[in-house]
Amino acid sequence: MPNEIKGLNEECGVFGVFGAPDAAQLTYYGLHTLQHRGQEGAGIVSTDGENLYQHRDRGLLAQVFADPAELKRLVGDSAIGHVRYGTSGHNSIANVQPFLFRFHDGDISLAHNGNLTNAVTLRRQLEDDGAVFQSDSDTEILIHLIRKHIREGFIPALKKSLNQVHGGFAFLLLQKDRLVAALDPNGIRPLCIGQLANGAYVVASETCALDIVNASFVRDVQPGELIVIDRDGLHIDHYTTDTRLAICSMEYIYFARPDSIIHGVTVHNARKKMGRLLAREHPVDADMVIGVPNSSLSAASGYAEESGLPYEMGLIKSQYVARTFIQPTQALREQGVHMKLSAVRGVVSGKRVAVVDDSIVRGTTSKQIVKMLRDAGAKEVHLLISSPPFRFPCFYGIDISTRSELMAAYYSVEEMRQQIGADSLNFLSVASLIKAISVPDAGDAPDGGLTVAYFTGKYPTPLYDYEAGYLKSLNEQELRAQRRQ
Amino acid sequence: MPNEIKGLNEECGVFGVFGAPDAAQLTYYGLHTLQHRGQEGAGIVSTDGENLYQHRDRGLLAQVFADPAELKRLVGDSAIGHVRYGTSGHNSIANVQPFLFRFHDGDISLAHNGNLTNAVTLRRQLEDDGAVFQSDSDTEILIHLIRKHIREGFIPALKKSLNQVHGGFAFLLLQKDRLVAALDPNGIRPLCIGQLANGAYVVASETCALDIVNASFVRDVQPGELIVIDRDGLHIDHYTTDTRLAICSMEYIYFARPDSIIHGVTVHNARKKMGRLLAREHPVDADMVIGVPNSSLSAASGYAEESGLPYEMGLIKSQYVARTFIQPTQALREQGVHMKLSAVRGVVSGKRVAVVDDSIVRGTTSKQIVKMLRDAGAKEVHLLISSPPFRFPCFYGIDISTRSELMAAYYSVEEMRQQIGADSLNFLSVASLIKAISVPDAGDAPDGGLTVAYFTGKYPTPLYDYEAGYLKSLNEQELRAQRRQ
Amino acid sequence: MPNEIKGLNEECGVFGVFGAPDAAQLTYYGLHTLQHRGQEGAGIVSTDGENLYQHRDRGLLAQVFADPAELKRLVGDSAIGHVRYGTSGHNSIANVQPFLFRFHDGDISLAHNGNLTNAVTLRRQLEDDGAVFQSDSDTEILIHLIRKHIREGFIPALKKSLNQVHGGFAFLLLQKDRLVAALDPNGIRPLCIGQLANGAYVVASETCALDIVNASFVRDVQPGELIVIDRDGLHIDHYTTDTRLAICSMEYIYFARPDSIIHGVTVHNARKKMGRLLAREHPVDADMVIGVPNSSLSAASGYAEESGLPYEMGLIKSQYVARTFIQPTQALREQGVHMKLSAVRGVVSGKRVAVVDDSIVRGTTSKQIVKMLRDAGAKEVHLLISSPPFRFPCFYGIDISTRSELMAAYYSVEEMRQQIGADSLNFLSVASLIKAISVPDAGDAPDGGLTVAYFTGKYPTPLYDYEAGYLKSLNEQELRAQRRQ
Amino acid sequence: MPNEIKGLNEECGVFGVFGAPDAAQLTYYGLHTLQHRGQEGAGIVSTDGENLYQHRDRGLLAQVFADPAELKRLVGDSAIGHVRYGTSGHNSIANVQPFLFRFHDGDISLAHNGNLTNAVTLRRQLEDDGAVFQSDSDTEILIHLIRKHIREGFIPALKKSLNQVHGGFAFLLLQKDRLVAALDPNGIRPLCIGQLANGAYVVASETCALDIVNASFVRDVQPGELIVIDRDGLHIDHYTTDTRLAICSMEYIYFARPDSIIHGVTVHNARKKMGRLLAREHPVDADMVIGVPNSSLSAASGYAEESGLPYEMGLIKSQYVARTFIQPTQALREQGVHMKLSAVRGVVSGKRVAVVDDSIVRGTTSKQIVKMLRDAGAKEVHLLISSPPFRFPCFYGIDISTRSELMAAYYSVEEMRQQIGADSLNFLSVASLIKAISVPDAGDAPDGGLTVAYFTGKYPTPLYDYEAGYLKSLNEQELRAQRRQ
């Protein structure tokens, strides 16, 4: 799979508010709860009804706004914000959102969570027609499309443009007099609407961001919808009716915050149920259950309850690992120096330990965890994964690496177990995953309204620019599979 | 109680290594696991057998050593390090340890965890004799005492000096040819010895710091001991035999890391048992048990297991709260904006919740937690504290505020419950606390070898400079108590 | 005059090199000598023949490249660089050059010194055709124009575009396989070509940048020329032959470095001659001549030599005034606290002082200098300006404020003298200015091949977007002039 | 000469004010004008009559106080400040002044310009008596001496202590109720008193610091004096009457600011006269005179006037060389890349140039200047030094390197000329230096009241700790001298 395909992949969180005093400050707190969705860049654009004001930079939110004066400069009662993780090499400040485009007929700011599957093609066409791009981001394509059609009016131009882009996307747009939100036809990325006590509306990637600003939940944005918030209130419109719900299952598995509620399902509860179903599918003979902090603790406690085994704290995670931390040399790492996780010797020593983790990507972390527990005296280490094996990449905005780096794409479960060094290794089935989440408003959408392509290879949309590379990677896999026989 | 008494209070962690390549780097990783013991300053002093090299500054370890060159400058095979929390106003860089004193007859570096109870008196005497202090820290007193007796030789001078200082202390001293560790006669602060694969010895406040550098545990330093490590190995000596074990119970309750083992007891296990005994003493009628992350999760899971109630994640803690974070204004705080903790609506809504927390100091956090849970829809909130009420200050190196700020010093449990707004409030008994910890080598020491003065007012040592203020505070309490009747 | 007209004004310096090892490092040193042309932003783009690499930020060059790793990342044997002063409000990082535009058919980087007079009109037209701008800078217009014509090939598209933009400009463009330089049809901004010992060509705003990289001077770029440097060497082409030399006289008066040679004239020598001619036009009865450091020292020494008066150091300038300096409060300023300049009491006390300065813009600095000298005991202060009165704004890339701020636009010389508080005030005549500079290759160009519109109002080009505002400002002046009668 | 002797050498500036609102801010501006005396550390200690407040750090003043809040914290109406240059290896923050010592009977702050010649001996004695030093600085010795005698009262203890320290020193001490200044018995370092409009007194190393705060000059502090400023006003006292004026001649030659007046002599005037006398002693046949900016411009203009040759700007100095500047590699340096100085080709090309510089230390800069001028086309380069050859080190607080690095200590003038590559090289005579300065209140003090030991080897005080090393260096010189014959 070509390198540049990976490069376009981003993880993000978005937040917007329209018509509330201290809009930038509210956005700051909203982004704070979304920081887990992206730690490499953050920004806010506000408007006072006249002008748009911007601050964005690389780094964590607290670093970007380390000088409180930067936040104070963002005056006005409306704002949008963005946190971003971009794969290395594409992390220049030019790619940090929200983007702010200045036009003689009115400025537009744009923030995006997701990934477009036809970005390369669209960009090439636009450039051949004279477009000048300022970033590597596929997000910017939307504004060029809008401007191509701007003589038809902004909203018509936006609707037309949203029908030209494909993939998974949640867009926020801010103009001096309105805030617009749009979601892809499959609702792959989460996006929800809340309301403050003063009546102002808030839009966010996850409900945890509504909670921190004390906004009451109004509704999830639905696939194909176009939400317009202006001085007259909230307007629910759509740019397409050809929709089918297929929410990204990884949001539930590990990406979203446990307190968020996506399409009616509390993430912690879904994870706990994944743990319970995992215990039913794969009971183990062990003295205790431990989780890998922090994202796997919910599933681990579910496994413990269902299995009746005691739930223990066998691994602890340092709260103090900073970006600037001096990493141990290879020599020290081999001596067992790890900065993030430690095994609790007094808990696991002499015990048969069932470790619950949420996923396996490259397998390197799993290998370290097993070794760490054995070094701390664990007699047996049984690894239980609360999701099915990741075998296919995500093209919709979560970076789980190129296909060639996915351990499960090339190895059987038994081969993985051997490489990781566990006494046993088991995964949750796709059916149980869907059952654990049980999206209430899935209707008759396939796979319970979820995207489970990472496990099955069946994507809910055409892959466009990625199609050729994807097929090529499959052939390679088959070749390898044959070589192994 | 006079303000300056509080000012002298410090929380700290120490680490030392003698005779290992990359000693400063090992110290850095050791301090990393001790960061929870102090986040406001950090430093390392190393020696190559000729000179002593120093770097220290305010801030977290990763900030102090943000420039890797600073760590590389600290050459040599031996080092000591320190992390520190100092109460505000005394947080100048002059107070950041390890201190490094340069003498024509050989440099000495000094790091200290603890608090001396006769520091004011000693300092006044020394100054009247011509001493010039460079810090506000009581740590510095030891070096002035040593130099007063230096003509008798270093070790005799040190022993004499250690008999002149009183309180709770764990000292590390580094000279170009040896590392010395000393513990107070009651062993109030923890200190342990480990050994690296190459035979080099390591000394640290907690065993988690031994684990990260892959050192095997050798023994806890015992009350009154003087440990000397030099090119000939480890020498166990003592400066007094008038000793009696009285380890600080707060180390087990909330201060130490859960994976540390202090005097044979794994902290996580002790906490879990506190939760179990709390469940026996105070069963509640609830739908679930939740813990306040992170320090109360062990006790909460113990409570859940003993009570048979499900253990849920009803509160989550942000991993991204930085020192530079812009705090919500009072107006926003009243609207419910809190940066650190969030209630998980989808878990607690409509439920009767039993919340386990490790302690109550001022009561403000408890009040916020209860409000947060009720805002998220909890029907009932029962607060369970896995330690007895804090009624008396610590004079031995843990900052639980001046007496006047301790809620339990002035209010009954029922009054506290009303102020906090919980449906019920219960504390663990002192007897159960002692039973939960059960220090194996306590022998016949009172209170099971623990300092529980924070709950009982019975301190294991005379209070010296603090005596008058302590008595005065008691009188005030009685006056208040009378006024309330 | 509308505010936005001022906003577009910028001062800048550019540097480029093609085909030399360590191109980015050479560019760094070249920009260092051009730092006086812009202190608010700096950047470098390099190419290794494959990719283009970029680093740019706000601040001085040394701040932008404070981390040496940033410079090392800019690999390759060709590079262009830029230093910039942008008027406040437009100093976002998006406006810092060189700009780097990425296209599927090849990246282009662009750096510009100058100002376009038809930028507003062009930008509006382009936006109406779908263009999305990333900056407020008129520089960006060129790339959009080029892309409009790109199907005709790059050089033809560039030539066509250069004929569409008007004003004063010196452009550098870098592609992976060539460096292009272009100068406006009047040669208003300076631009010169040099050659390194290895044969590689260098292009720079001033010859001082050739000197620091030890490049020998080849020639000045001439009006209307298009210089292409590629692997085959230097190609001199032109995009128009309708040219007439009109170099900006302010480059000689105060903007360029004294060691630079522009169109054959060493700036220091021109300034010294301005001082000599000033002495002939306006002899004064004084005890000494002093210059305002640093830009007026050449003229002052010329005045001293011609007049026979001693040349003294009566004012000194602090070398340590940093951007972060805490400025004196108004109260302190009134007490005479100034951070930049000090009068030398021991030199001027009791003396009649002739002060030579290069120009008067708002008059506030002149007023301070006169007060400072009188406070230091000067008996008389005679102010001599080595240029004519600034009465009209620059539309070609030097920020001498909007017309309404130019003191000489509204006041007579005698009125100015009174406001400034000098005993006498005299300016150099336009004729003497032209004579002092005496551009050798001016031929029969009007005003000796110089732009002297700042003094005469006669601009060498149409003013386009500025025309209306300019005329309006004239009417206002006349109205004011009448009111004063 | 042993290395540690060099290490103790420091250059500094001090400023103090007592009884003026915004004392710390005044001190900040005062230190700003003294920044040339030390660029590696700065600090201010203020008092409000109750407490002493401190901020100090490494770096330039503007860096140390980059956060304006730091300056605002320094409340009160009295303050002392310090700027410092410390030789490398001793530049830890512990050595940055003013020092602040906290005692139960009252805090004392201390700032020092100078160097003690018996520091090593005193420190050893004090340490043997139990003293604990916090810095490497000899400044700290004074406070230990004072505390030894403190039972006699502060002023008597201070006087006694001042008689125990030897060398060149100007001390400022701040207590909550007074400011004390003391000068060594030879007045080697400058120190002056001024008065603000409100009557408050100011003390500073140079009069330029009085000027910036608009203080009127009161008097120079005289050798052996002890100045006490308190609520009752200014008290002139002395601690010894065994005094003899011997001001450091290097202050006049290059160290002090040209606008300062030391013992009645304006520094610029003294330098100009050095240039005039140099022209009389060493006329050269040249086309022009140029100075090395900035410190040699005064002498150069004096030379030009006396010789009748034109004064030109043949070298210019960049204003933008920052501490963080990336230095050219050796390869680039050999190609002629220098960041600080540039030769003005259009001025010197084809000319016989007389270059005036203030001194030669190692000779490396002189060599570069000559090469630079020749590269720029100068036909002849005649180097004229406006001071005698530096042959002996300074032990009183100016760092002119260890003896072994002084070019003139080992080579004849002709040998120096050859190494430097000049067409001629000449120095001012000691007699002319003394005549050029002509200190009015020198009385019958030897050498016109100046220290000229750097040229003659005749020091005005015993050398104590330095004596042995000094003699040893002499022998080496003689040995070398013999080898050369």
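Each chain gets a letter, A, B, C and D, in the order it is written, and its residues are counted from 1.
Here, a residue touches a chain if its C-beta (ideal position, glycine included) is under 8 Å from a C-beta of that chain, and two chains touch if they have at least 3 such contacts.
Computed from a prediction, not measured in an experiment: that's the story for all the values here.
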item: Contact distance in steps, from subunit A to subunit D; value: 2
item: Residue-number overlap at the subunit A/subunit B interface, same or different (half cut); value: same
item: Most distant chain from subunit A by Cα centroid; value: D
item: Rounded Å distance, subunit B centre to subunit D centre (Cα mean); value: 49
item: Approximate Å spacing (C-alpha centroids) for the pair subunit C, subunit D; value: 38
item: CA centroid of subunit B to CA centroid of subunit C, Å; value: 61
item: Category of the chain touch graph - line, ring, star, complete, other; value: ring
item: Complete list of chain pairs which touch one another; value: A-B, A-C, B-D, C-D
item: Residues of subunit C touching subunit D in the complex; value: 22, 25, 28-29, 32-33, 35-36, 39, 60-63, 65-66, 68, 71, 197, 207-208, 211-214, 257-259, 261, 265-269, 272, 294, 297-298, 301, 305, 310-313, 316, 318-322, 324-326, 328-329, 332, 335-339, 342-347, 375-376
item: Sites on subunit D touched by subunit B in the complex; value: 54, 92-93, 101-105, 123-124, 127, 129-134, 136, 140, 143-144, 147-148, 150
